[in-house]
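Below are the structure tokens for one structure; questions will follow.
Think of it as A, B, C and D in the order they're written, each chain with its own count starting at 1.
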């Protein structure tokens, strides 16, 4: 019963933290656009939170740069359990056009475990919302 | 003042300091100067011709030499100062005292080509990420990189 | 009380990673150190390994907000190197997209400025209207952000009469809304209280530090590449360079809104005067050896690409300087002596596009960078002298 | 029996459970109004019209991992949210909704309870400061300093504004003040200025835009709450929601004529009037941008405090005229 309640609440109120690890801004802007009136993710109870401590879901965008790698791990560790990671955009998936550049470590999944991949360059806000909702549906 | 008039004036004014003035396209002047004359020419351009805006500094690796191009612009025309320094001894004087906005671009040169900019007000060594190995300058042509192995999570790798 | 507060690399005010290390005394910033490199991807090296046409898509992904700026700047340079002239219709469509992009970028910026000031309603309103221009761009190019409409020798997609009508209709709506935002931005008392007199940058410092774009124009320095170095179609259309001389964040808001209105004018002229004909010519695979300096006025300021060809199908050197990088020294200047509360606003006021600035650059140091132990009394004495020497008395009065 | 009644009173109605449900409803109302003002829908999919959204948030936070930072004072860090919740809930018991009987003052309705409510409402600020200070995070520390700085700004105008109707009514008991204005509703108009001052001060007390300086997202991340997570954060959020209910209830009791008509009608009055105050607060939140800390203090002392004093003068003059 309690577990059911906790699961229900988790599905209903995912608070997200936006993490940019060297993206080209396009995905970030689309993530932000998902907050705005046309897409309005607050309908699903999704709120963008400022600090990792309050977040449940990390929405990560961009290829991992060498400089960001340790910070990403640190931020991931700061998020209290249970936590989920959504990789948004082609760069976060594999590195996109930057794959193979000297300062790129590859996709986000090279550094932290990823629960959901949202492809697209950049992923549309609709796709991002769909990604979050699908992730929660899996719970 | 048209570009041709300007070239004449520059030739008369700067004389021996400028080796050649190329004019490949409208509003684009390429001036070639010796490294030791760089400061003098920049100061002269700033004081007399009102060239205060530095767009950027490009470095090019030409094998034996490094070519540095300073892109200045004024509302009338663009001045591109070109100078070459030997790869073995890549020293060049800083123009930051003349044009304060140049500091970023000079630090970039130091970082990417391993040139040594003399007289930089803030010469903290520039390394790419914090853990970048010393002595690696990514934009040199002979610098090659070994791509780290990627792991496919949950896959056969 | 002397703190070191880190802003970034992950911080709600910054949508991109950068690290600003602020030394603060109470609420006042005493020193700023900007550390870049979190977004450095090594794009210039990568560009040397790709062909001319592949590089269009690479430079487009330097930045997601001004993607068209980089692509256009690159393409117009390469076209000069290859000695081809795109047809007029292609050029008109190319710069039509670039003006639409300017509109989307400035609307985005207005929203972000509102968000940084805690004015979320403003953010929501401007972003709602931004969707109009996003729809137009999607209609023209097929994608919301990376339009990929440029190709060597022209553009890849044509526009028809129906699309023209839609663009004009969208622009008419946007113009009405922008005037309203202009009114709000300059009149809402709490918002004006936050932005007036904040982030002062005098004209002299703007010139000395080589500031570009709206940052320079808000300091009264009327520089616009479209005007002073008119490329492609800009000598055929009529527009004005928007300036302000209040030298603060309010001035930058005003400049950007004025530029929005100018852009609407440009879009209408371009749509109405769209010539008939082809949209592209065929480009050769290789470029002759040579070099070219290509300048372009991006939404954030002057964008400059230096391209050197060596006769193969790959560039010898592609140097990209994005406007944000040119504005960093000015930002450091503006941040000093500000309040903590002003950091996001001042930083946002240059419309930072960190990913643009960081394709190769790594570390910029402002300030002395010394880490020495200072005694409390010493600090207090310094604070007092600083207050006495502070040039601009901050406008801390509530202007109702 | 009496013990059981007291227990019911404390835990069910109007104690914790009722306050919990009602405050989550108020948070939903606030979020919905805020979203509608921004052209958005607000929560829609959790329960009917998204009514259960704040409860889902609360339960989710309860079920999350609880992180206590290494450098923090663990006992203080843990106990503060509970104290804060206890304080505001106690303040909630003093509202004259549940004990409207003028003739029988009791534990929760006595002469001077208006002062006690004001006092209890200013305590959470201190709790917040301690919480921020004990997290030892630079952002929290700055947030804590800002909390205290703001306290000096809004507290005096709030007290002055709330006290002037009490002076006119010649009573220090909330139920009696409300009864006085129910008898002479026209006199409420004389307190309009005080009401405006009090609404702004309450907005500052609740740390909402334009006064959300202590946890200004874009400046100092989470501010006071940066290091709080899980259960403690849930309790803090609940504390703020209940504080919002109690302060709007206080304003309703003092400025809007209280809650006449016995248990049921009085309760309806309570709901309508508190929602009205919360609507005003949401409106203020949507229409303004965050101001700077120095501007808050100068605004409070240059405009709010003089206006509150003016209101006090008007009240005293009026009282002289009436008597």
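Here is the rule we use: a residue touches a chain if its C-beta (ideal position, glycine included) is under 8 Å from a C-beta of that chain, and two chains touch if they have at least 3 such contacts.
Please read these numbers as outputs of a predicted model, since none were measured by experiment.
J.: Among all other chains, pick the one whose mean CA position is farthest from the mean CA position of chain A.
T.: Comparing chain centres, B lies farthest from chain A.
J.: In whole angstrom, what separates the CA-based centres of chain B and chain D?
T.: Roughly 61 Å, centre to centre.
J.: How many angstrom between the C-alpha centroids of chain C and chain A?
T.: The separation of the two C-alpha centroids amounts to 26 Å.
J.: Taking each chain's centre as the mean position of its Cα atoms, how many Å separate chain A from chain D?
T.: Those two chain centres are 35 Å apart.
J.: Considering chain A alone, which of its residues make contact with at least two other chains?
T.: 36-37, 50-51, 65, 67, 100, 102-103
J.: By the touch rule stated above, which residues of chain C touch at least two different other chains?
T.: Residues 12, 37, 40, 42, 45, 124, 128 of chain C each touch two or more of the other chains.
J.: Give the residues of chain D touching no fewer than two other chains, as numbers and ranges.
T.: 38-40, 217-218, 221
J.: Which of the chains touch, listed as pairs?
T.: A-B, A-C, A-D, B-C, C-D
J.: Using the touch rule from the top, collect the residues of chain D that touch chain C in their complex.
T.: Within the complex, chain D touches chain C at residues 37-40, 138-139, 141-142, 145-146, 209-210, 212-213, 216-221, 286-295, 298-299, 302-303.
J.: Which residues, counting only chain A, touch chain D once they are in their complex?
T.: 5-6, 8-10, 12-13, 15, 36-37, 40, 42-45, 49-51, 53-54, 56, 78, 80-82
J.: Which positions of chain C touch chain A when the two form their complex?
T.: Touch list, chain C to chain A: 9-10, 12, 15-17, 37-43, 45-46, 57-58, 61-65, 67, 108, 111, 123-124, 127-128, 130-131, 134, 144-146, 353-355.
J.: If you look only at chain B, which of its residues touch chain C in the complex?
T.: 24-25, 27-28, 52-56, 58-61, 69, 71, 73, 75-76, 78, 80, 99-105, 107-108, 111-112, 122, 124, 126-130, 138-139
J.: Along chain C, where are the residues that touch chain D in the complex?
T.: Counting only chain C, the residues touching chain D are 3-6, 11-13, 24, 26-27, 114-122, 124-125, 128, 188, 190-191, 193-194, 339-344, 396-398, 400.
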